[in-house]
Each structure stands twice: as structure tokens, then as C-alpha cells.
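Just below sit the structures, each encoded as C-alpha cells.
Consider the two complexes below, in which chain A is the common component and chain B and chain C are the respective partners.
After this line comes the complex of A and B, so read on.
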């Protein structure tokens, strides 16, 4: 669509349908190629029908089709003159609007340590997509919702979408793996196109779906289609619909599927699934990405590169401090299938599947989602809507004002920016810290300052090791605060229990700051910190100062100690499992390794704190920070955008579930 | 009369010990008869910081209930020296090996702070538990609770969750 409102798919079609004789099709290709457009359409390459540049009719798969079944794709020669008598192949239009790799930003560090961050500007090519099917229009519509539906948006995608003219072709030759009928996306085109073609035996019915499309159709100078031609076109569509049938019972699928998270079928599928990522690579709606740094040899200049990533890879859900929340293939298959058909609806108001069948055809072991869905969640109601836009956070340059070592591998950095903004008032739980040539990492804010913030960072990977080595005066890039933080205001007039284990303690410190700033607004306050050893304890002086105030109950424990340590040894829950406070009036804030959170939550629940009053911060692999890369998904949530702080009630049975 | 005076003194002593028991989660809200039995087996002592209260491998003759202060359970590990596995805080017990054959302490117990301890005589308590099933029925669940709590904590410590 070349209109600016790319999410609108209801443009009124021009009245009237013309007829373009087959012999004049080159005229259409030539018209599409005007105004500097490159025409992309079906071509035969590598044993398949794939999208590539089309300059002439001879580039099209004339007379060709493809047989498709689970795990199988074979080109066939129909021995006729048709150009579009095939079902979709392995490529989708996604690659032209959401490229497999894309340079996002450039960063520099000069010889004085000054850093700068800037966007990479791309020449967005003007393209005409020739041969877009109904399922593919639906896929573009879904990508619009995901990438432009807000609150953060992908501006590169927006431009590419706006620069693409869409010539749709009515489906007359569905493949053996198609199920668009079940997903409600086809085979009939219902909008989202500029021009619509219906291929008949001797030519094409041509109509328009936009102003621009109407202009092109007008220039073709067509005669009006005859009644017989229109009937021939609609008969083809009915025949296509009949051939596909309705292989997946989608009514109520969302609820049925989520009720089957513990189905033994997941493990059975995993016995066959190779976790090869083929299904996600060919999917026209999968949008997950990873970002890495490509730097020159001296590390001064780096380019941030985004590439498609796949939830079937083991590393996709690995977290910075080690560990992986979806280690088994069955976990990853369940994540993929439940996201496509269930949690996608929770997030975006639409299914993530259009029924194009690519994932079935291109699965090397022929796993058929139609069959699996019916087996896992045997059969009733559909989703809703969503949208609105905003802009992704920019990187601001911050100065390191002070570095305070906390432990042998952890430091607290005080950072400020001269931008004049009162950063202490910005909501959000964490920032993305960017270092040229090294990368970006999410770090929780451990204290809010009027001109910036403090971040407490442990050296675990290249980026965090670099950040912990920064000295006073150094510069780094920071995003605006992201995510939803602790609902401290909900704790007004309540008792407060704060439990932080290891590196889970820094994100909780702003809560203590807030309480101390308005001490009278809170009841009893209990602060518990557990660490591995005494030398791993954070904020030792502050803890001592808090404890000496008299109006805070501070407990500290370590997992093991030598004889020089005179404090407590034991797990953090032992600090309060026999405490005398009354949990019925308390709100709890908990952060740490997930297993520690589980143990803490059990103990808090036993002390009478209900699930809606226990807030935890989820640890997941956060990469983009704005809900667009897919890594941090947990059930219906993206941890970076919807969390990382959740109430237990909000998480429901997603919390603590294996492999989610 | 001396006998009466002795009884009164004994009664006051018992009441004081019962109050001490009730201030601990281990001893609180046990049936009065059970508390009286325990008090009959109890002595109270104070020890300065640094005192070794029990030694690993030695007979554990008493179960200690910490009234105040902190004691550490330690074990000697070659090349690591003394490693503190757990600290026992007021209300909790140590020396429960006195109830479990072969009645030898599984760790060395050292006071980290000046401690006040209510100690129950091990052989006497074993005999009382064997003879008085009502006492056993109320006391063993407390001991089990203390052990289960430690077992759970030990599991979490074994996971070494904060290592990464």
C-alpha cells in the first residue's frame, strides 16, 4: 500500500472491473516499473517459486505450479499459459518490508572516550509486489499491527510498507498445506491491495483497491469485463475454497490451546521436531529479531545490526546471568504454537497465523500444525482489535559521575545527562545501556537521581564487563526508562516486605528510597537481602544505615560464610519464615533468581500475603526493550513491555511453569 | 516449711522456663503437661561469643533452644577451613542429634554472639519421649518442622542460586 495509513485495509475499491488480455500483461509490468519502482514477483529459482525481480512476462513461472504436502514441495509443469497457478512458496513479502538483516544504528567512541549514537539512514527502495495472495495480505496486516500498533513502532518497516505498491492476485490454485479458510484470511482478497488481478484462462480481471491502484488501472485502458468472465473468476474462487475446506477448528482455539499447556503431545512432537527453525524462517508473520554489534577492529565505530531470530534456537531464551527458560525442544515448540494461535491474540488482537501452510510444507519432518492443533486442542469464538503508535526510545549520552565498587565483580555507576530532563520523574524500571562496538544490555535502575540514575551492574558478559570497567568521566548511551516498575503507590498505608536475592536487590532499592522519602505513608517496612557470601552483599553501608534508623526492619543473610562473618547464614526465606509481622496487611516486592522467588513467594503466601499483593520482577532475555524482538515472551506477556514487574495474580499459572 | 519453700521455688523456676519456652517458636503453645515435662529436663546457660557449644563428632548430650544471640553451625573443609553452613537464631534449636542415633553432633556449634540457651537433657528427653507418647506426639512434629525447614533451605543453598 502506498497510502500513509498502512493499517487500513478497507479502502473502497474502484467501481468496475476491467479485462486485461494475457498478451498485454507486459504492459502492466511496465506500468508498475515506472516511477523508479522495482517489480518483485514470482520467479522460478532453486527448484521453487520464489519472489524476485520481474522485468518481463518470461520471468514469471509461466505454466508452473507446485505440489505441496507436509515436508514436501515439488515444482510441476501444468503445460498451460497461466502465470499465477501456484500456491505460495518458501519466500514471503516479509523480507522486503522487514529485511532479514538491517543496520539499525551507528555508534562511535573517539580517542577521548566521547561516545555518540546515531541512526543509520537507508535508501528505501520503491517496490511493486506482484502476485500477493489473500493470506499474504493478511500477513502484512498482522505485521502492521505488531510493528506499528504501538506503543513502540518500527519506523523502517513503516517506510518500506509505504513504499510498496501491492498487486494482489486472487488464489485459484491452493496448495496441499493451505488452511487460510480456517484462519479467516482467504482465499478471497478482501482489501489491503492497490490492484487486484483475477487470472482467467485467457487474461485477467483487473480492479483497484486504492487511488494509486485506480490510476494504474486507468492507464491500462481496459474494456469492461463481461458477465461470463466475472462468473469464471468467482467460480475459481469458490472451487479454491472448496478444495481447502476447513481443516482447523479455530473457534475457541485460544482458550482450548492454553488449557493444554501440559499436554503430553508437546513431548511427542518434540521427538520429531528438529528445532531447525525452518517453520519460523518461512513464516510470513514471525517478527522476532536479535541485535548484535559489528565493529571495526579498533572498536571505535560500530554498527548495530538486527537480524531475524527464531524461538526454536536454544540460545533465544537464554538469560544474561546464565540459564535458559526454554531448554527443551518441547518448550520451544509449545512457545511457538501457543504464541501463533493464542497469546498473539492477547497481545495484538489477532491470530499470528494466516494459514498459508508454509510451516507445514517446509518442515523437514512434515509436522503438520493443522493436525497438531486438532490433536492438542480438539474443538468455539474469535479475537479483538488493537493499535495506535508512538516512537521507539532514543539513545541519550550519559556521563559516568561516580563509580562505587560493590563487590569484586559488581559496581554502582552514578550517571547523569546534560539534557535538562528530570530523569527521576520518568517511569520505567530499566534502561538499555549501549556501548559502541560492544552492544546493549538491559539494566535495572537502582536509584533515581534528579539528573540521571544509578545503575548497579555485575560483570557477566562482554557488555556488562565493559560497563563495570567504566571510569568517572566515561560516556555511555542510555535509553529512556522502559517497562513497568514497582507499584510503590499501591503500598501506601500498607506494611511493606522487600525481598532481594543477589543481583535482584538493586532493582528494589528505589522502593526503599521512595519509602524513606515518604516514610509516614507506609506501615511497617521489612527489608531482606540474601547473597551468596558476605563479600557478595550489596550496599553494605546503606543497609547498616537503614537498620540503624529504627523505623526499618533490615535482615541480611548469606548462603555460606567463613568464621569472620558474624551475621546470619541461611537462605533468605529464613529471615522471615518465623517473623512476627502480620502478612495480611502487607504488600511484598520480590526480585532475584526465579527459583529464589518461588521459595520466597511460598513463604510469603504462608504468612498471609495474597497473590495480588505479591509483586515480582521476572528475569527473561530482554533484547530490544520495547516488545518487538520477541525474546522475552512469557505466555501472553512480553516481559520488557508488560513487565518486568508483575503481580503473581497477573502471571497466574505462567509463573514457575517449566519451559515457558 | 522447707519442702513447701522448695516447691514454691521449683514452681517459680518452672513458670520462668515455661515463659522462656513460649517465647520461642519451637516451644510455644505446646500443651502445659508437655511444657512441664520439658522444663523438668531443662537447664539454662549463658556463654560468651566464641564459645564452642558442641563439637562435630562428639556426643550431643543436649538439645539447645536459642533464647537470644546467634550460634553458627560449622564444618571443617580441607583447604577451605571452617565453613559456616547455617546460623541458628533465637527461637530455633541446635543439637537435635541428641535425639537421633548415634547421638553425635553433625557440626561444630560456636556462639557468634553472647548467647542465652535453654538446654534439654538428651538422654532424659529420649527416655521421656519413649515413655510418654503424648509428649512424643506433640514434640516430634516441632523437631520435624525444624529439620524440614533446614532441609528445604539446604536444597536452595545447594542450588547456589546467586553464583551466576
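After this line comes the complex of A and C, so read on.
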């Protein structure tokens, strides 16, 4: 749609349906190509019907179709005159509105260490999509919700979407892997188009779905379609629907599928699944991406490139220090299938699947989601925004005002912005820290300052190692604060239990700051910090100062002592499993390694703190920070956007589940 | 604040074992970038480019070739001692290469059949990847390696970031490039789904299946792909043989060859396991 991509309500001018004789189809192609538009449509290449440039009728797949079955696609010659008698092939329109690779930003670091960040501007081509099917219109609508639904939006996608004129063609020749009927997306077009064509034996029924489409149709100067022609068109559609049938029982599928997270079938699928990413790559709605930096040899100029990424690769769910939240192929397949058919609905109010069948046809080993869904979650029966035009956050240049070493590999940096903005008023739990040519990493805010913040960073990978080596006066790029933080206000008039393991302690420090600023608003406050060794303890002086106030209970422990250590030794839960406080009045805030969180949570639960009063911060592979790249998904949540702080009640049985 | 300018230039060595030199040539083929690289890196050893020899220590050493002779076995241990970081380049160094085909056969019989004076040829019974003998810090895959990946590796080395060398399947690059799957649309067997990307999906762009020269990707489900080749009409031996190329000795591919047959040089119906050398500690 050329206007307002998100609202796909059809404002049908309904000037009736015209008839375009087949011999005059070139006239339509020429009209679409006016105003500098390139017409993209079906064409035969490399043994398939793909989408490419169409200048003439002879570019179209005249008389061609394809046989499709799981893992198999073969062109067939129907020996007739039809142009659109095929079911969708391997290309989807996603490629044209959400390119496989895209340069997002450019960054620089000069010889004095000054850094700068800027966007890369792209010329957005004016395109006309010719031959868009009902399932594909549905897919574009889903992408609108995902990428433009907010709070962060993909402005490049918006422009490409708005620059594309859509000529839909009614489906008359479904393929052997289609199931749009089950997903409720087709085969009939129900809006989202500028022009709609129905191909008949001798020509095309033509109608419009937008003002711009109406203009084009008017210029074709068509005669009105006859009653017989209209019947021929609707008969074709009915026949198409009958041929597809209803292969997937979708009623209640969301709940049925999520109830089968422990099905043995996941492992059986993994025996066949190649984790090759083809299903996600051909899917018209899969939107996950990764970014990487290309730089010159000196690292002075770098370009941040975004590319399609896929939840089937190991790197997709990897985190620092070699961790991986979905180590097995069965975890990744489960993630993909449950996201498409269940948690997508929780996130975006629509299924992520349109039933186009591409993932079935183009799976090299022919795994059939229709079959798998019916096997994993067989039916009994029954079943089911406010958009903010804010682009992904801009990177601002911050100055390092002070550097305080915490341990041999960890420092606390005080950072301020030269633009004088009051950062203390911006909500959010973490920032993306960017270093030109090296990368971008999420770091929790460990203290809010009037013009900036403190970040406590441990040298783990290249970017964090670089950041920990920054000196006073150095520059670095920071996003605006992102994510949902600790609900400290909810702890007013409650006792507070704060438990931080290792590098999980810094994100908790702003809670202590907040409590100290309004000490009378809180009850008893217990702060527990565990570290591997005495030399890994953070904020030692601050902990001592808090302990000496008399109105905070501070406990510190290490896993392994050395000769200098006279304090507690043991895991952090030992600090409070027998402490003399009453959990029924407490709210807990917990952060640390996953295993430490699990142990802590069960101890806290045993002490009487209910799940709605235990808040944890989750670690996942966060890349974009704004819920658009897909990496950090946990069940129905994106950790960056919906978290990273969650209550246990919110997480439900997602918490602690392996491979999710 | 900026370290790169003050640090001394890294010392880089290129060391060749049993190989065709094609991967070293990729370094020379960088042409435009080569001079810039030479300004920023001390290339202290590079047999394809200069006869000048220098022993280590090296900050980084690129090792080309498989370990195929007793002398190379000594060399690789020596190089490991001299190198802060040892990076293997190419199918021979990372997977054993073409010469590892002899690991399935009788090495003495091969030697006698090929050479007039086999007694002059000193070689180990098997050709092994470098990682079977010493710890390897990084790999550049391929036969030969890819120039863009090499340049990315060098740029990352100089800037101190992690090189962007994805562990995904060839399929990912193939689909981003907008190619049509040759296996699904034409029934051509393709190793792309189990092979590490890095070549830009070259062969499927020319209507050929992937030959697997970048070797198995992480968790390569080669058994499932082999079974699919059989389902598509290949005999088990034909299917197994498809894996027995440049990187056939790499474990997931080797296992399929053992399972289906098709070991190099072995007639159909005989499917011995490859010779095992009782390899070595220190592998990764």
C-alpha cells in the first residue's frame, strides 16, 4: 500500500469490476512501470518461479506451474496461456521490504579517540509488486505489526512498504503444501492491495483496493465484467479452497502447543532437522536479524550491517563466556515452531504463520509443519497498541568522566553526555554500548547520575574488553536506556531482599540508591552479594559503608576464600536460608548467573516470598535491544523489550526450562 | 584511549605443511589490501611470497596443510611453541584435505603403486588435520579459503574485535543471495545444509550442489542429509561418496561415509573405517 502501511483497512472505491483481455495485459505492466516504478513479479529462473523484474508479458511464467510436496518443487508446463497458475515459490516479498542485508549505520573513531555515529541513508526504490497472493498480503500485514507496531519501529521497512504498489492476484492453483485455509489467510484476497486481478481463461477481472489503485484501473479503460466472468472467477476460488482443505486444526493450537513443550517429538524431529535455516529464510514473516561490523584495517571507519539471521544457528542464542540458551537442535526447532504458532500471538496478536507452505516445500528433508503440529499438539477443540513512531534508539556520544577499577577484570565507568540532557529521568534498565569497528554490547545501568550514569563492565569479549580499558576523557557510544527495570515503587512499605551474584550485583545497585534516597518508605532492607573469590567482590567500600549505616542488613560471601578472607564462605543462599526475617512481607530482587538465580528463587520461595513478589533479571543474547532482532526471545517475551526484569509470576513455567 | 596506534605491529607467520599452496595464494590475491596489511603487520614468514625464513615467536601463525609426514609433525609442534595464536587455514589444515583420503586405504600399497622408489617417500600412515596434534585457536575454512573472510580476519585482528565468521550453513548465505535451492527444485544432492558458510554459496549459484569444501558446520546432521540423498534415489555408496571430498575426514562426514559406504578408493560393498592413528592429545 502506498499510503499508511499499517492500517490495512480496505477503502474500496468499488467502481465495479472491469475485464482486461489477456492480449492487453502489457498495457497494465506499462502503467505500473510509470512514475519510475520497477515492476517486480513472477518469472522463471533456476528451475523455479521467483520474483524478479518484469518488463513484458514474456517475462512472466506463461503456462508454467509447479508441483510442490515436502522437500520437493518441480516446474511443470501446463501448455496454456495463463500467467499466474502457480502457487508461491521460494521468494517472498519480504526480500523487497526487509532486505537480506542492509547497512544501518556508520561509525568512526579518530586517532584521538573521538567517536561519532551516524545513519546510512538508502535510496528507497519505487516498486510495484505484481502477483501478490492472499497469504502474502497477510504476511505483509504481520510484518507491519512486528516491525511498525512499536514501541520501536523499523523505519527502513516502513519506507520500503510505503514505496510499493501492490497488485494482488487471486489464487486459483494452490500447491501441495498450502494451508492458508487453516490459518485463515486465504485463498481469497481480503484487502491490503491497491489492485486485485482474477485470472480467467481469456483475461483478467480487475478491481481496485485503494485510491491509487483506482487511478490505475481507471486508466486501463476497461469494460465492465460480465456476470459469467464474475462467476468463473468465484468458481475458481471455491475450487482452490476445496483443493487445500483444512490440513491443520488451528482451534486452540496456541494452548495445545505450549502444553507440549516436553513432547518427545521435538527430539525425533531433531533427528531429521538439518538446522539449515531454509524454513526461516523462505518464511515470509520471519524477521530475526543480526548485526556485525565491517571496518577498515585500522578500525577508524566501520559500517554496521544488518542481515537476516535464523534461530536455528548456534550463534543466535549464544551469550558471553561460551554460554548458549538453546544448545540443541531440538531446542531451536521448538523455539521456531512454538513462536510461529503460539508465542507470536502473545506478542503481536496474530499468528506468525500464514500457511503459504514454503517451509514445507523448501525443507531439504521435507519436514512438514502440518504433520508435526497435528502430531505434537493434536486437537481436541476450541480457541483467539499504541504505535509510537520512534525509530530504534540513536547512539549518542558519551564521555568517560571517571574510571574506578573494581577487580582485575572489572571497572566502573562514570559517563556523561555533553548534550546536557537529564538522563536520570529516562526509564530503562540497560544501554547498548557501541564501539566503532568492534561492536555493541548491552550493559546494565549500575547508578543513575544527573547527566549520565555509571556502568560496571567486566572484560569478557572484545567490546567489553575495550570498554574496560577506556580512560578518563575517552568517548564511547550509548543508546538511550532500554528495557523495563526493577519495580522499586512496588516495594514501598515492604521489606526488601536484594540478592546479587557476581556481575549480577551491578544492576541491583540503583535499587539500593533509590531506597537510600527514600529510606523511610521501605521496611527492612537485606542486601546479599556473593562472588567467586574475595578478589571478585564488587563495590567493597560501598558495601562496608552500607553495612555501617545500621539501617541496612548487608551480607557478603565468596565461593572460595583466600588467606586474606575472614568473612563467609559458601553459596549466596546460605546467607539467608536461616536469616531471621519474615518473607511474607518482603519483595525480592535477584540478579546473577542462571543457576544462582534458580537456587536463590527456591530458597526465597521456601522463606515465604510468593512468585509475584520475586523479581529477576534474565540474561539472554541481546543484540538490537528494542525487540526487533529476535535473539533474546524467551517464550512469549523478548527479554530486551519486555524485560530484562520479570516477576516469576510473569514468567510462569518458562522460568528455569532448559533450552527455551 | 586508543590502543591500536601505540602497540607494536603484530608478527605474522604463514607456515605450509602438506598442501597445494592455494590458501597462501589467497593471501597474495588480496592485492590492493596486501600493501596496507604489510604496513600494519610484520609478515615474518611466508613461503609462497618470499624465500626469507624467520623462526618465531609469532603473534599469529597461519598454518596451511595437513600433517602428512614425520617432518611436518615436528614442524607443527615447533610452530605451536612459537605462536601466541595458531590459526589453521584451508580444508587440509582444518580437516585433513584431499590427502586424508588415504586414511581409508592401505598407505603402503598406495605408495608402492604411485612411486617408482617408495622407499624414498617418508610419510605418516595418515594425513591428519592440525587440530589432531596441537591446540588450534582459530580456523579459516575452505578449499581454498575465502579472500573476504581472510580480510575480515586480518581487520578483526588489527582492530581487536571478534572476526565475523558465522557458523551457519551454506543455505543461509544461499537464501540471502536469493538463490533457488538446487536440491529441492532440481533434485541435485547438495552438502550446503551441513556445510559451514563462507564461500558465499558459490556452487549452488552455478546449479551445482555444494561440495562441502568449508567442512561441517556445528552440529551438522550429516546422517539425516545422507538418508535424504538415498531417499532421492542415490545408492547408499553414491550418497556416502558425496561426503568423501575435501573435508570427508571431518568426523560428521566421516561417520556418514562409514555408515553408507563410498569411502575413497574402496569398491562398493566394502566400507572400512578410516585408519586411526591413535591421535593425540592436544586436539580441540
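The rule we apply is simple: the second predicted complex is superposed on the first by the 643 of 660 C-alpha atoms of A that agree within 3 Å, B and C clash if a C-alpha of one lies under 4 Å from a C-alpha of the other, contacts with A are read in each partner's own complex, and residues count from 1 in each chain.
The definition used in the following text is that contacts are C-beta pairs under 8 Å (C-beta built on N, C-alpha and C of every residue); 3 or more make two chains touch, one makes a residue touch a chain.
Bear in mind that the values here come from a model prediction, so they are computed numbers and not experimental data.
Legend: residue contacts after superposition of the two complexes on their common chain; A:308 is shown touching chain C, with no touch to chain B. After overlaying the two complexes on the shared chain, residue contacts for A:518 are found with neither chain B nor chain C. In the superposition on chain A, A:46 contacts chain C only, with no contact to chain B. By the document's definition of touching, of the two partners only chain B reaches A:599; chain C does not. Of the two partner chains placed by superposition, A:159 touches none, neither chain B nor chain C.
With both structures placed on the common chain, the touch criterion links A:329 to chain C but leaves chain B unconnected. Once the two complexes are overlaid on the shared chain, A:361 sits against chain C while remaining clear of chain B.
Set side by side, chain B and chain C differ in how many residues of chain A they touch, and the one touching more is C.
Chain contact summary for the complex, chain C toward chain A: residues 1-5, 33, 36-37, 40, 152, 154-155, 158-162, 164, 166-169, 171-172, 175-187, 190, 192-194, 207, 218-219, 221, 224-225, 227-228.
If you check the complex, the residues on chain A that touch chain C are 45-48, 50, 71-75, 89-91, 95, 100-101, 109, 111-113, 270-278, 281-282, 292-299, 307-308, 310, 313-315, 329, 361-366, 437-439, 461-463, 465-466, 469-471, 473-475. Note for the complex: chain B touches chain A at residues 25, 49, 70, 72, 74, 80-87, 89, 91-92, 110, 112-113, 149, 152-153, 156-157, 159-164.
Within the complex formed with chain B, the residues of chain A that make contact are 321-323, 460, 501-503, 530-532, 536, 557, 559-563, 565-571, 573-574, 577-578, 592-593, 595-596, 599.
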